[in-house]
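Got some structures for you, see below.
Both complexes shown next keep chain A, but they swap its partner, so chain B is in the first and chain C is in the second.
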Partner chain A sequence: MDPILLIVVCVLAGGVLASLGVHLLPVGGAPAAMATATGVATGTVMLMLGAAMCGLFTAASVATYTSNILLVSLSGAVGSWLMMGVTMLLANLLYVFGVGVVPVSGRVDVDPITRESQKEYKTPQCDGHGVPNVSYISGMMGALLGGFGGALMYFALLEYANFEPTMAGVAAMGIFVANAIIAAYNIGGTIEGFQDPKFKRLPKALLTCGIISLLSGVLVSVVANMGGLIG
Partner chain B sequence: MTVGGGPVVEEEKAEGFTFPPDVTQLGIISAIIAIVIVIIPGLPAVVKAVGVIFALLWGTDSVRKTSKYGLGTGVPSIGVLAMGYGILGALVGIAFAGILNVSIVQPGVLIGVIAMAIVGLISGVLSNNEKIIGMKIPGLERGMMELGMAGTLAMVLQFSIVAGSLNFDLVIEKAVSNGLIAVMFVLSMMAMFHPYNACLGPDERRPRTLMVSIEISGLLCIILGIFVAATAGSTWGVAGLVDGISLLIFGLIVWIVFFVKFIKTAMREAHSTVGTGLIRTIE
Partner chain C sequence: MLFAWMLLIVFLALIACMFEDLESDMGSQSNPNSQVQLAAQVGQVNRFFNKAISGEAPSYALYCTIAGVVAYVLLLREVNPLLAIPIGALAGEAIHVIFSVTAHVGRTAAQKRFEQPIYLDVLYGHLLPIATHGFMATLCITAIAYIQCNLGTLSGMPALNHPFALPLLAFIWGITVGAIGSSTGDIHYGAEREFQDRPFGEGKRVVYHGKITRYADCGVRTQKDIAYFCAKYGGPVTGLTFGVIILFESWRSLVGMMLGGYLPLQEAMASDTLLGTVARVATELLPAIPAAIGDLTAIIGILVGLAIGIVLIVGNVVIVKWARKRYGPFVGE
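The block that comes next holds the complex of A and B.
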């Protein structure tokens, strides 16, 4: 396959996966810092950037040993998976043993996965607390997809566009960040996971991020072409 | 999250530091200064640093203008977006720097700026469109376009400071592959989003916010100056030892002047200030 087409396809797929990943994360924002909303108490950008950076680190280490696209992308997914898992677990420990609240979803009455009742554990006037089971699983899925997307972009830039490892990492991060932020604007800052009604807005973000990633992919392949890095 | 709910009339205090140009004028002035400096890579680092300061000032003003209406994700997100576009645009810019050369002027880099203006405009239109994301922020299209351009200009100017030229291979070797680009990325986005993020509130005043941006640009100049001086291959010339040291001194002066100015302005405009006793309070 033509390398330029491969770069554009990989960047497009990476951007769309990043956008999808953001929609699955339990992002609580400022209200979660006071334990009055479900999710981890930080912004979408910080969570997704942290997850993507961890993914890029693992992907970059694995990419020094192999040039198998699936292996590199999956190692990136595992890196961000670990980061999100640890973050959500520690956030939950703080919420449960520090603040003294029960992890509970504010948007659904019954957990769609474990069928546990949520409503009676929720403090009145609050929008849920901590990271409940369904949000945890959703967050793990989000980190998996986001990390996979970021590492896919990194691999495409490294192997098909022949960028230097640092340049590929930073360029992948730049494109990833732009897509994650557009997706964050779509959800208006906070989301619980796939059970949240805001998740239904997903197609709009996928369309926007698709267009932005397509343009970014074209620009990156132009850089590789003009810089004399490919054929 | 809506900020700026205070009095609608923005009272400009007569005394103290003010920025005479309004948002549009500052944008045009900064853009012209930064573009003129960026297309001549043979200039000394101090002049390029002035360009960086103006580009980041423009970015800060756009961040302020855009996030006044509440983005929902916090002010930092739009600064990070600007530098995400900035990195991509800078890579496009240096890839095209080799063409269209007229003696010492290299207008090819502006292709990167134009490309990011187009991407920024498209993302702004898509984000603001009622049928797509629908953020309903007045002027978001223009804001994102300006942020993409300001980010790209700031990044290319920093590449130019460190590498001393806009040659693709040289920039990759001296500014990108050694990881310095990460420092540039973080400090440039700090200079864009931190001022408004730190100063927002009902009595936020534009000149005071913009001062913080110049102060952070000073810090950026100090770090780049140390780097240029430490890795210089020659004593004189662009990106040489003298260039690095002069940039370091310039950064120190800018940082000290604007830091003191900001603290004094904040003290004067605050209702009252109470010292904690841990550090000496300046009066």
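The block that comes next holds the complex of A and C.
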């Protein structure tokens, strides 16, 4: 396939996956730090970027000994999945032993995966607290997709646009951040995961991120072409 | 040797993230600081340090990248790493202290209409603890980036050097350490220490917001009372989070490299024996061999990572189940 087309397709797919991943993360923002809302106590972009960067680190290492796009992308995905998994688990340890609350969802009365009731465990005037099982699994899926998207973009920039590894990492991160910020605007602060009603806003974000990623992919192709890296 | 360097990185990661979290408690940065901001607005004049520079992840990315760039430039000029890395971290912390002063003074001055004074002893008294905690975090992250950049050279297998430059690695781990410090460590400060005069065992209700605990065991509470409390649980757990992430990431890569045959191949190619010559010639004549070994290495690493993730999911199910059984339904009003 034509390298320019490959770059555009990979960047487009990576950006859309990043947006989808962000929507799946359980992000509680500042209210979660006071155990007033369900989710991880940080901003959407920061959490996704932290996870994706962790994945990108491993993906870059793996890209030195394999040129299989799927394996590099999956390595990045698993890096993000581990980062999110450990972070959410130890955050729950803090909620349970440091604050003494039961992790519950504020948006659903029954956990859709484990079928555990949520409402009677929730503190009144709070929108849930901690990371319940449904949010945990949603977050793991989000990290997997986001990490895959980030690593896919990195591989395209490295192998098809022939960027130098550090430059490919910086450029992939830049495109990733743009998509994550669009998704964060769409979420508007906090989201619990796929069970949250806000998740239904996803199509708008996917369309916007698709357009932005397409433009980014074209820009990368132009830069690589003008710089004499391809063609 | 490779495992020893990996374990050193894990240890440094643990220290870095613990100090990052304690620094964010010492300076009141990130999410719980929303309550310090709100306190004056609801009539709770306080002696807290109000340092909302930005989210922890971007701010630590900034300090660590500055440290990484300075260290990188010094290393290019052949300065000893034992000197270059601390000098880099010092440069990062100089910027940190400048931001701390401007953020605290600027934000507190903006609260004049709520009669919140700028206590100069609070300002001067917290700068050094902020700088020292931040220095430890930045120093460890820069050291991690340096070791990862030169991991292959240090362990005798040059192919294992990470392809990213030192400043980008410092940036990546700065972002990650900030994201973890913000998402994990903030809970102990925001949900427990900041509202310690409220009942334990419940989420902090919206009506409590802004009404932070202003008095300490003795006298008026400042950030110094908070850091020493969070150092007992929130800080170490946060450090453990980053340490465990790096441990799992490194361990699964190493297991993949060993079982996939990548490490034995690199060891053979680096040796001057007959086996080394055979390995070098074979990889040149038959490039499909190193490619297959590389693919197998990646596959094993991915499978190990997925297995660890599944164990983590089970771990979360166990913790949630335990908490539900132990604490029971909410019984307060």
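As a convention for this text, the second predicted complex is superposed on the first by the 231 of 231 C-alpha atoms of A that agree within 3 Å, B and C clash if a C-alpha of one lies under 4 Å from a C-alpha of the other, contacts with A are read in each partner's own complex, and residues count from 1 in each chain.
Heads up, the rule we're going with is that a contact is a pair of C-beta atoms (placed from the backbone, for glycine too) under 8 Å apart; a residue touches a chain by one contact, two chains touch by 3 or more.
All figures in this text were calculated on a predicted structure; none of them were measured in a lab.
Asks: After lining both complexes up on chain A, report clash or fit for chain B versus chain C.
Replies: Taken together on chain A, chain C would clash with chain B, as the superposition shows.
Asks: Pick one for A:Thr114: touches chain B only (first), chain C only (second), both, or neither.
Replies: second
Asks: Touching A:Tyr136 in the superposition: chain B (first), chain C (second), both, neither?
Replies: Touch partner of A:Tyr136: chain C, not chain B.
Asks: Just chain B (first), just chain C (second), both, or neither: which does A:Leu215 touch?
Replies: In the superposed model, A:Leu215 contacts chain B only, not chain C.
Asks: Who touches more of chain A, chain B or chain C?
Replies: Counting residues of chain A touched by each partner, the higher count goes to C.
Asks: Let me test your reading of the model: by the given contact rule, A:Gly43 touches which partner, first (chain B), second (chain C), both or neither?
Replies: After superposing on A, A:Gly43 lies in contact with both chain B and chain C.
Asks: Go through the superposed model and pick first if A:Thr166 touches only chain B, second if only chain C, both, or neither.
Replies: Both partners, chain B and chain C.
Asks: Name the contact category of A:Thr87: first (chain B only), second (chain C only), both, or neither.
Replies: Touch status of A:Thr87: second partner only.
Asks: Report for A:Gly98: first if it touches chain B alone, second if chain C alone, otherwise both or neither.
Replies: The answer is second: A:Gly98 touches chain C but not chain B.
Asks: Output the chain A positions appearing in both contact lists, the one against chain B and the one against chain C.
Replies: Overlap of chain B and chain C footprints on chain A: residues 29-30, 43, 46, 49, 165-166, 170.
Asks: Tell me, which parts of chain A touch chain B in their complex?
Replies: 29-30, 43-46, 49, 164-167, 170-171, 173-178, 181-182, 184-186, 188-189, 204-205, 207-208, 211-212, 215-216, 219-220, 222-223, 225-228
Asks: Provide the residue numbers of chain C that touch chain A in the complex, in ascending order.
Replies: 30-32, 34-35, 55-58, 159, 162-165, 168-169, 172, 175-176, 178-180, 182-192, 194-195, 200-209, 233-234, 237-238, 240-241, 244-245, 248-249, 252-253, 262, 290-291, 293-295, 297-299, 301-302, 305-306, 308-309, 312-313, 315-317, 319-320, 322-324, 327, 329-330, 332-333
Asks: Considering only the defined contacts, which chain B positions touch chain A in the complex?
Replies: Contact set of chain B toward chain A: 1, 71-74, 76-78, 80-81, 83-88, 91-92, 94-96, 98, 115, 118-119, 122-123, 126-127, 132-133, 135, 168-169, 172, 176-179, 181-182, 185.
Asks: Show me the residue ranges of chain A that touch chain C in the complex, using the header's touch definition.
Replies: That would be residues 29-30, 32-36, 40-43, 46-47, 49-51, 53-54, 56-58, 60-68, 71-72, 74-75, 78-79, 81-83, 85-103, 114, 116, 120-126, 128-133, 136-137, 140, 165-166, 169-170 of chain A.
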